[in-house]
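Same chain, two partners: chain A is paired with chain B first, then with chain C.
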Partner chain A sequence: MLKSLDPRVNRLSIPDDFEAPMAAKEQLDQFETYQSFIQTKEGKPFEHAGTVHAPNEEMAFLFAKEQFSRRGTFCHALCVVKTELILVSEFTDNGQDVYDTFKGSYSGDTSASFEVFHSVKRGKHHKHIGTVEAKDFEDALLASKETYPRDKPVFNVWIAKSEDILMSDEEDADIWNTLKEKKYRDAIDYKAADRIKAFKAEQG
Partner chain B sequence: MYGGGNVFESMKATALAEEDPIKLAEFEARIDRGEKIEPSDWMPQLYRKQLIRMIEQHGHSEIIGALPEGTWITRAPGFKRKLALMAKVQDEVGHAQLLYSAAETLGKPREQQLEDLISGKSKYSNIFNYPAFTWADSCFISWLVDAGAIVNQIANSKGSYGPYCRALERICAEESFHLKYGHHCVIHLATGTKTQREMMQAAVNRWWAPMMHFFGPSDKISVHSEILMRWKVKMASNDECRQQFLDMYVPKIWELGLTIPDENLMKNETTGQWEFSEPDWEEFKRVINGDGPCNKERIAVRRMAEERGRWVRQALLAPKAKYVTPLA
Partner chain C sequence: MNQNAIKDLLYKMADDQLILGHKNSEWTGFGPLLEEDIAFSSMAQDKVGQSWQLYKILNELGESDPDTVAFMRNAEQFHNSQFVELPNGEYDFSLIRHFLFDTAELIRFQMLAESSFETLANLAKKIKGETKYHSMHANIWIKQLGSATEESISRLQDSLDKSMPYALGMFEVSEFEQDLINEGLFAGEEALKAQWKTKVTEVISETSLILPDMESITPVYGGRYGKHTEHLQPLLTEMSEVFNVDPTADW
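So, the complex of A and B:
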C-alpha cells in the first residue's frame, strides 16, 4: 500500500501497483457544456461568467452557483444555457459593427422569444442587451438590429431562445443570502497589523 | 494558486514559416494594438499549442496544489481556520475548472486534460511534490506559495488571450483572501509561543529551496522566448517574477523575526536586485521528472479519484449528450 503523511490518503488503501496502465476509455465521458450568466445587482444586465460541465441543466445551475457566486456580493441572480443552443454570430474587426453584416429584414413574426447578448470589446464578457421576439435565430439577429440602437460597434452577438435558459427564481432569492454571512471568505476578515506592531514593540 | 516557471515546448525553426504570412501579420498587429485574441480568431499553431500547455499546467497546479493543503483541513487549529482552509481549497479546485475551460476554448477537451495529468503527460507546479509535514507548512503554502502564484498570475492576466485573462481576473480576486488568510496564519504562529515560532521557522527552512525553484530557472534568451513575449503569452521572465516576489515578501518574513535559510540573500542597493545562492537546479530537474518526495502520491490520489469516481460519471452520463467546446 502507498504510505503517506496524509491519513486521508492512507485510508484510500491505494495499492502499490497503481501505476499499471489504466483501462482505456472507449470514448471521452465528457459532460455537456453550459454557459453561465450572472447578475451582480438588481437592475444590472446579466453578464457572461464562464463555462460549467454538467450532465443536465439543474446540475449545471448548481455547479454555476458554486463556481461563480462563492462570494456573496457577486450575485443577485444566475442563469445557465447549454452551449450548443447558443447562436454565435461572426466576429468583426477594426471597429466594424457586426450588425452591418446581416442582410435582410426582420419578419415581424413574434412566435418565439430570444435573449440577445453583445460583446463590444475583445477581452470583455458578453452582456445581456434584451429580449426580442422573432421566428428563428437569424430573424432574432435582425430583430435585435432594429430594436437596439448602438452607440459603439458590436463585434460579436450571442442569441439564445428564452425557453432554453434556466434562470434562478426571484422567489428563491434567499439562496444567495447565506453567502453574505461567510466573512471568513473575505480578505477583510484577516487583519493582523496590531499583532505585528505588538510583536515588534516587544522585540524592541 | 499556481506554479511559475512554465515548461514550454521547444519550437521547430520551420514552425512559423509554415504559417500564412498575411494572417500572421494581422495577428501580430492585433496584439501590438493591445487587443485580446478571442477563441474564434485566427492564431498561429505555436500560439495555440503553447497557450494550451501553459493554461493546462496552471489548471493542474490548482488541483494538485489543493492536496497538501487539503490534508490539513481536519487538523487545522480551531473551527475558523478549518472553515477558511476549506473555502480556500474549494477556491483552488474552482480555479482549475475555470482554467480547464479557458484551455478548452483552444480545442483540448477538459476530459483529455484530466487524462494527461493522470498519465503524467502534463506537468504541474513542482512545489507540490513536497510534503506538508506540519500545520506551519500549510501556512507557508497559503501565504508564500500563493504570493508567488499571484506575482505570476498578475503578470499573465495582462496577456493576449481573452478567455485566460478573464479566468485570471476572477482568480486574482479570490486569491486576495488566500493571501491575507495565509499571512494571518503565519503571523499568529510567528508571534506566538516559542514552540509555535520554532514550528514556523522549521517550515520556512523546509520550503525556501522549493520556493526559489518555484519561478523556474533563469530564462535563456532564445528566439523562442522572444516570440512568446512578443505574442504576450509569457509576460515576465522567471527572474523578474522571482525578484518581484523577494522584493515584496522578504521584508515581511523578516519583520516577523523569522530567518531565511540563505546567508547570501541580500538586496544589492546599487543594482536594486536581490542576490542569493544559486538554487540547486539539478534537484529541480530531478523532482520535476518524477523523483520527488510526493510525485507518486499526488498522481496516485488523482488517479484513484478518477477510477473510483467512474461509476458516478457513468450514472450521470446521458447517452445522447453532445460535448460542445465552450464559447469564451
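So, the complex of A and C:
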C-alpha cells in the first residue's frame, strides 16, 4: 500500500504499483467555462472576476461565489455568463481605440438587449459600461460605439445578451454577510520566509 | 436562564459544526472538480469557524477555552449527532449529508435568531448569510445530480436511504428540552424537525429521488448523550495530533 504522511491518502488504500500506462482520458473531460462578474457595492459597475468550469449556469454561480467573492473581497452582487455566449471584439495595441476599427453604423433596431464591457488596457479586467439595444452582437458593438463617449482608447470590448446572464437575487445579497473574524482561515502568522530563504540558499 | 440547558444546546451545535467541518475538510484536494473542491473546503471552514464562535459563548458561560474544549475531550464527552461522525465514503454520501445537515443548520439558526438568549440570537443573525449559501449549494447539487444520470440518481438514492436514520437522529431531544422551549431559548427539536421535513421533501420532490418514509424509520439516537460510533474517537485523535504534541502551538 502506498504510504503517505497524509492519513486521508492512506485511507484510500492506493496500491504501490500502478497499472502502466494509465487509461487514456476522454478528450473532453472538462465542463464548459463561465465568466463571472462582481459588483462590490450597490450602484458600482460589475467587473470581471474570473473563469469557472461548470455543467450549468446555476452551478457556475455557486462556484464563482466561493472562488471570487470571499477573503476580503466585498461583494454586493455576482453574475455569470457562459463564455461562448460572449462576443469578444478585436484587440488593439493600447494606443488605439478598438471602436475605431468597427465599420458600419448602428441599425437603430431595439429588438434585443446587450450588456457592454470594456477593458481599457491589456491585462485590466473588463468593466460593465452599460446596456444597449440592437438587433445582433455586431450591431450592439456599433450601438455601443455611438452610445458611450470615450476619453481614453478602449483596448477590447465584450458583448453579452442580457438574457444570457444569470444574476444573483437581490434578496440573497446577505450570502456575502459572513463572519468578520476569519483569522482561523488564514496562515498570516505562519512565518516561513526565513526557512524558504535558507532552503533556496542551500539549493544554490 | 437555565445555564445547563443553554450549555447543552451550545455544545451539541458546536460539536456538530466542528466534527462535520472536519469531516468535510477531508475532501480538500480530493474534490470532484477544482471549483467544487474550493467551495466545499470553504464551507467546511465556515463550519469550524461557527463551532469556534459557539465554543466562545460557552467559554463566556464558564466553560474552558475553545481549543481545550475542542481538542481535550474524549468521544463520550462529545454531543454531536452520530450522523456527522460517519466516514465520508464517496462524494454522493458527503453531498447527501451536506444537504440533510445543512437544511437543518439553516433552519436551526433561523429559529435561534429569535432566541431569548441575546448573544446566541446575535450570532445566529451574523451567520445567516453563510448558512444560506451552504443550503443553496446543497440544494442545487442535489437537484442537479438527483435527476442527471442513472448512476448519479442510484448513488444518491443509496446514500439517502442509508443516511435517513442518522439524519433523524440529529433531532434527538435534550433532557432540558422543555426548559429551552419554556424560556424561549430555542423552539425545540420537534419544531425544527417539522420544518426540516417540509424543506427536504420540497427539494427531493424536484428530483428523481424517492424520499424514504420517515415515519417507519427508527432514528439513530445517542450522540447527544455521548454515545458514538467507533468512528469518532480515531477522528478526535487525528484532530488533536498537533495539540497533543504541543498544546501551546499557534499559527
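By our rule, the second predicted complex is superposed on the first by the 172 of 204 C-alpha atoms of A that agree within 3 Å, B and C clash if a C-alpha of one lies under 4 Å from a C-alpha of the other, contacts with A are read in each partner's own complex, and residues count from 1 in each chain.
Convention: a contact is a pair of C-beta atoms (placed from the backbone, for glycine too) under 8 Å apart; a residue touches a chain by one contact, two chains touch by 3 or more.
Every value quoted in this text rests on a predicted model; they were computed, and no experiment measured them.
By the touch criterion defined above, A:33 lies against chain B but remains apart from chain C after alignment on the C-alpha atoms of chain A. Once chain A of one complex is fitted onto chain A of the other, the partner contacts of A:18 are limited to chain B, with no touch recorded for chain C.
Of the two partner chains, chain B is the only one that A:200 touches; chain C does not reach it.
More residues of chain A are touched by B (comparison of chain B with chain C). Contact with both chain B and chain C is seen for A:70 once the two complexes are overlaid on the shared chain. In the superposition on chain A, contact is made by A:52 with both chain B and chain C. Contacts of A:120 after superposition on the shared chain: neither chain B nor chain C is touched.
Of the two partner chains placed by superposition, only chain B is touched by A:83; chain C is not. By the touch criterion defined above, A:8 lies against chain B and chain C together after alignment on the C-alpha atoms of chain A. Look at A:177: by the touch rule set out above, it reaches chain C but stays clear of chain B.
For the contact definition in use here, the residues of chain A common to its chain B contact set and its chain C contact set are 8, 31, 52-53, 55-56, 59, 66-67, 70, 182, 184-190. Those residues of chain A lying in contact with chain C across their complex are 7-8, 31, 52-56, 58-59, 62-63, 65-67, 70, 172, 174-179, 181-190.
Interface of chain B with chain A (complex): residues 35-38, 40-41, 67, 70-71, 74, 80, 83-84, 87, 90-91, 94, 97-98, 101, 104, 109-112, 115, 118-119, 131-133, 162, 165-167, 170, 173-174, 176-177, 179-181, 183-184, 187-188, 190-191, 255-257, 296-297, 300-301, 303-304, 306-307, 310, 313-314, 316-318, 321-328.
Residues 26, 30, 33-36, 38-39, 42-43, 45-46, 48-50, 52-53, 126-130, 132-133, 136-137, 140-141, 144, 238, 250-251 of chain C are the ones that touch chain A when the two sit in their complex.
Contacts from chain A toward chain B in the complex involve residues 2, 4-6, 8-9, 12, 14, 18-19, 22, 25, 28-33, 35, 48, 50-53, 55-56, 59, 66-67, 70-71, 82-84, 86, 88, 91, 122-123, 125-126, 156, 158, 182, 184-192, 195-196, 198-200, 203.
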